[in-house]
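There are two complexes below, and they share chain A, which is joined by chain B in the first and by chain C in the second.
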Partner chain A sequence: MVELKNVQFRYKKKRVLFDNLTLTLYPGFIYGLLGKNGAGKSSLLKHVAGLLYPNSGECNVFGYKAQTRNPEMLQDIYVVPEEFALPNMSLAAYVKTNAVFYSRFNYEQLNSYLVEFELTDSANLSTLSYGQKKKFLIAIALATNARLLILDEPTNGLDIPSKSQFRKIMASALNEEKIIIISTHQVRDLENLIDNIVVLEHGHIIFNRNMAEISEKVAFEYNLAGIPDDEVLYAEELHGRKAGIVKNLSGHDSRVDLELLFNGIIKDAENIDKHFTNYSYEY
Partner chain B sequence: MNPVLDLKRLGYFIKRQLFLNINALWIAIGAVGGALLVISALFAYFNPEVDTLFGLRNLYLVVLFGAGFIFTSMVFNEMNTPQKSVTFLTLPVSTLERLLGAWLVSSPVFLLLFGAFMLLLTLISTLLAGQPEALSYLFDRDVLICVKVYLVTQTIFFVGACAFKGNSFLKTLLALFVVAMIITAYSGSLGFLLFGKAGVKVGPDGEFKDTVEYIFTKVIPFLFWYVLAPFMLVVSYYKLRERQV
Partner chain C sequence: MEFKDNQAIYLQIANRFFENILKGKWTSGDKIPSIRDMAVEFEVNPNTTMRTFNYLQDKGIIYNKRGIGYFLADDGLEKTIALKKEQFVEEELPVFFKTMSLLGLSLDDLKAYFSKYSNN
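Up next is the complex of A and B:
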């Protein structure tokens, strides 16, 4: 379990980024951490990985204080950063030098992921494209069998087939022990993948809900004509029509449009969150 | 302070650090070694005197310090490169293992390798100069003192490598210069206050002289030889432990 309790944090000489931020992440779920640029997504991930220390409050990962960077804890964390540089060596050599630190590293799994991503371990890392390097890091991350995977903008640089491969592989890699946190501002890339959506805005968590709950309680309409105003939670112009988020009164689960949901939360989180909180009393 | 140390993991870490930097190491060894070899060969062949051999040995010692300090300043390059720091700091290795691994590579291992290389160069020089017997007295007590001084002073650059993000070598030199200036200014001011116009006079019993002599012959050497290096390594440990990205 990952637990952030009353975390306060500010970068030197800058405004407060996190003010009493509290968040709990449970095993067995893929969390989509969404937010605009500068919302604090990467800083939050760095706190979880023990790379940034809170000014006050606590950040615990599997019972360890994240900032102690205990090797036992770090064996259970793998971070795929947004920006990275890999050394000039073959994939096999890189794996050989790094895999030994992870007691549950599985070479068979790695090979199957490399095959899936169309990478060969004899290739040199310096000759790979950015997207291929990212796929290589994702393959290593999964092969470590770390219980916490932190992926910062993992789909940046991936082509369209690779994005769907990524979704497929991530979904299959999840088990009841694992927590996968995917931070992105490209929300469409996470559709049909994440179990929970956490939205961060100006260092505050403004929305934290399960996808099943979202699809049960709201619906996404691409033409709001004829829908009463009191059922509309959020509306925006889309190709000359009004699209938006409405109360789900059908009793059937709806298909979640992450982009529309994200836009709605960013524009009017209070209204949407209020609907979720009051849902059981209204219907 | 609750350090975690696993010798097997430490071994993996040292191996990883050497493996990741092997290309840069070979280039550095080739460049420095090649230059020293050419210089040694030319000087030993055209000036085959014992003084030349001593001069060459002194040159090797200067290179030992220079190369060692630069190498030490680069030992945490991965941590100080923004695109690599996340990988380095999330590697399942404890702070103590990071510290020990980097120190072992930049101090004893470096000294052993450079020592072997220096021996080879000296052997070539003495053979070219036609004085193979000089090899035995070129490695005298002065060399041993230089090695000891390196072991101590290297830790200052080690702290610099932990503390400064980029250009660690130059920043450490600058910091040393500033510290030296501050100590000089403080000592000068103190001297002026004590021995200036209305200052304290040294008594006839020589008590002040004895105190100063004791400080300079006992306290300062003790601090240099036995306190400075451990202190710098402890500072490095905390710098590494507190390192954020």
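Up next is the complex of A and C:
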């Protein structure tokens, strides 16, 4: 479990970023961390990985205080950052030097992921494209069998077939023990993979809900003509028509349109969230 | 798989199951692929395919043998047909009838089209 409790944080001399931020993440789920640029997504992920320390409050990962960077905790965390620098060495050599930090590292798994992503471990890292490097890091992340995976924009730079392979690999990797946090702007790539949507805005969590709950409570319409105003929670112009989020009164679960949902939350989280209150969804 | 716009993903996957059953690809007593295999095939979260399996189990179309997997029920085909018929009558037919009346088509007009279709 990952638990942030009343986290207060500011970068030196800057205004407060996190003010009393509380968030709990449970094993067995993929969390989609969404937010505009500068909302605090990366800072939040850095707290979880023990790379930034809260000014006050706590950040606990599997029962350890993240900032103590206990080796037991660290071998259970793998972070694939959005930007990274890899040394000038072969894939195999890089794996060899990093695998030792993860007691459950599995070479067989790694090789199958590398095959899937069409990477050869004799190649030199410096000859790989950005997308190939990213796929390499994702393969390592999964092969570590770390229980907490933090993936920052994992589909950036991936070509179309690789995105599909990425989704397949993630679908097969999730189990009851794992917590996977994916921070992304590419919601279309990942909307069917995510269990829970967490939206961060100005350092606050303004929305945190399960996809099943969302599809039961709201629906997404691409032509709002004829829908009574009091059923519309959010509307926007789309190709000359009005699209939006409406109350789901049909009794059928809707398909969640993450892009529309995100736009609605950013514009008016309160109005949308109001429709969810006093409602809990049990898996 | 390309998903349609308005139906929850787990139900769209259930429809794919129904197709397999109606086409006879899966027959009574067949072991069907696992929750995880299905998640990988459709590139969705395994929690989503779990909802598909729960839904089909609730409808009595598949059943679970603990530790072995999921199987198509003996009357899985009959139940699928009944369920799809109900959906057809309740959801598709009203839309169809509405279009018919908008275009001024009568039941007799349809008969002519239907016999043409049947002959092909």
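Points to keep in mind about this one:
The rule is simple: the second predicted complex is superposed on the first by the 277 of 283 C-alpha atoms of A that agree within 3 Å, B and C clash if a C-alpha of one lies under 4 Å from a C-alpha of the other, contacts with A are read in each partner's own complex, and residues count from 1 in each chain.
Note that in this section a contact is a pair of C-beta atoms (placed from the backbone, for glycine too) under 8 Å apart; a residue touches a chain by one contact, two chains touch by 3 or more.
Everything quoted here is computed from the prediction, not taken from an experiment.
Touch criterion met: A:P71 reaches chain B, while chain C stays clear of it.
When the shared chain is aligned, chain C comes close enough to touch A:A171, but chain B does not.
When the two structures are aligned on the shared chain, A:R241 is found in touch with neither chain B nor chain C.
Judged by the touch definition given at the top, the superposed model places A:K274 against neither chain B nor chain C. Of the two partner chains placed by the overlay, neither chain B nor chain C lies in contact with A:R188.
Of the two partner chains, chain B is the only one touched by A:Y102; chain C is not.
In the complex of the two chains, the chain A residues touching chain C come out as 28-30, 164, 167-168, 171-172, 174, 192-195, 211-212, 215, 219-220, 222, 252-256, 283.
Within the complex, the chain B residues that touch chain A are 4, 6, 9, 12, 15-16, 19-20, 23, 81-84, 86-87, 89-95, 97, 241-242, 244-245.
Residues 3-12, 36, 39-48, 51 of chain C are the ones that touch chain A when the two sit in their complex.
Here chain A touches chain B in the complex through residues 46, 49-53, 69-72, 74-75, 77-79, 81, 83-85, 87-89, 93, 97-98, 100-102, going by the rule given at the top.
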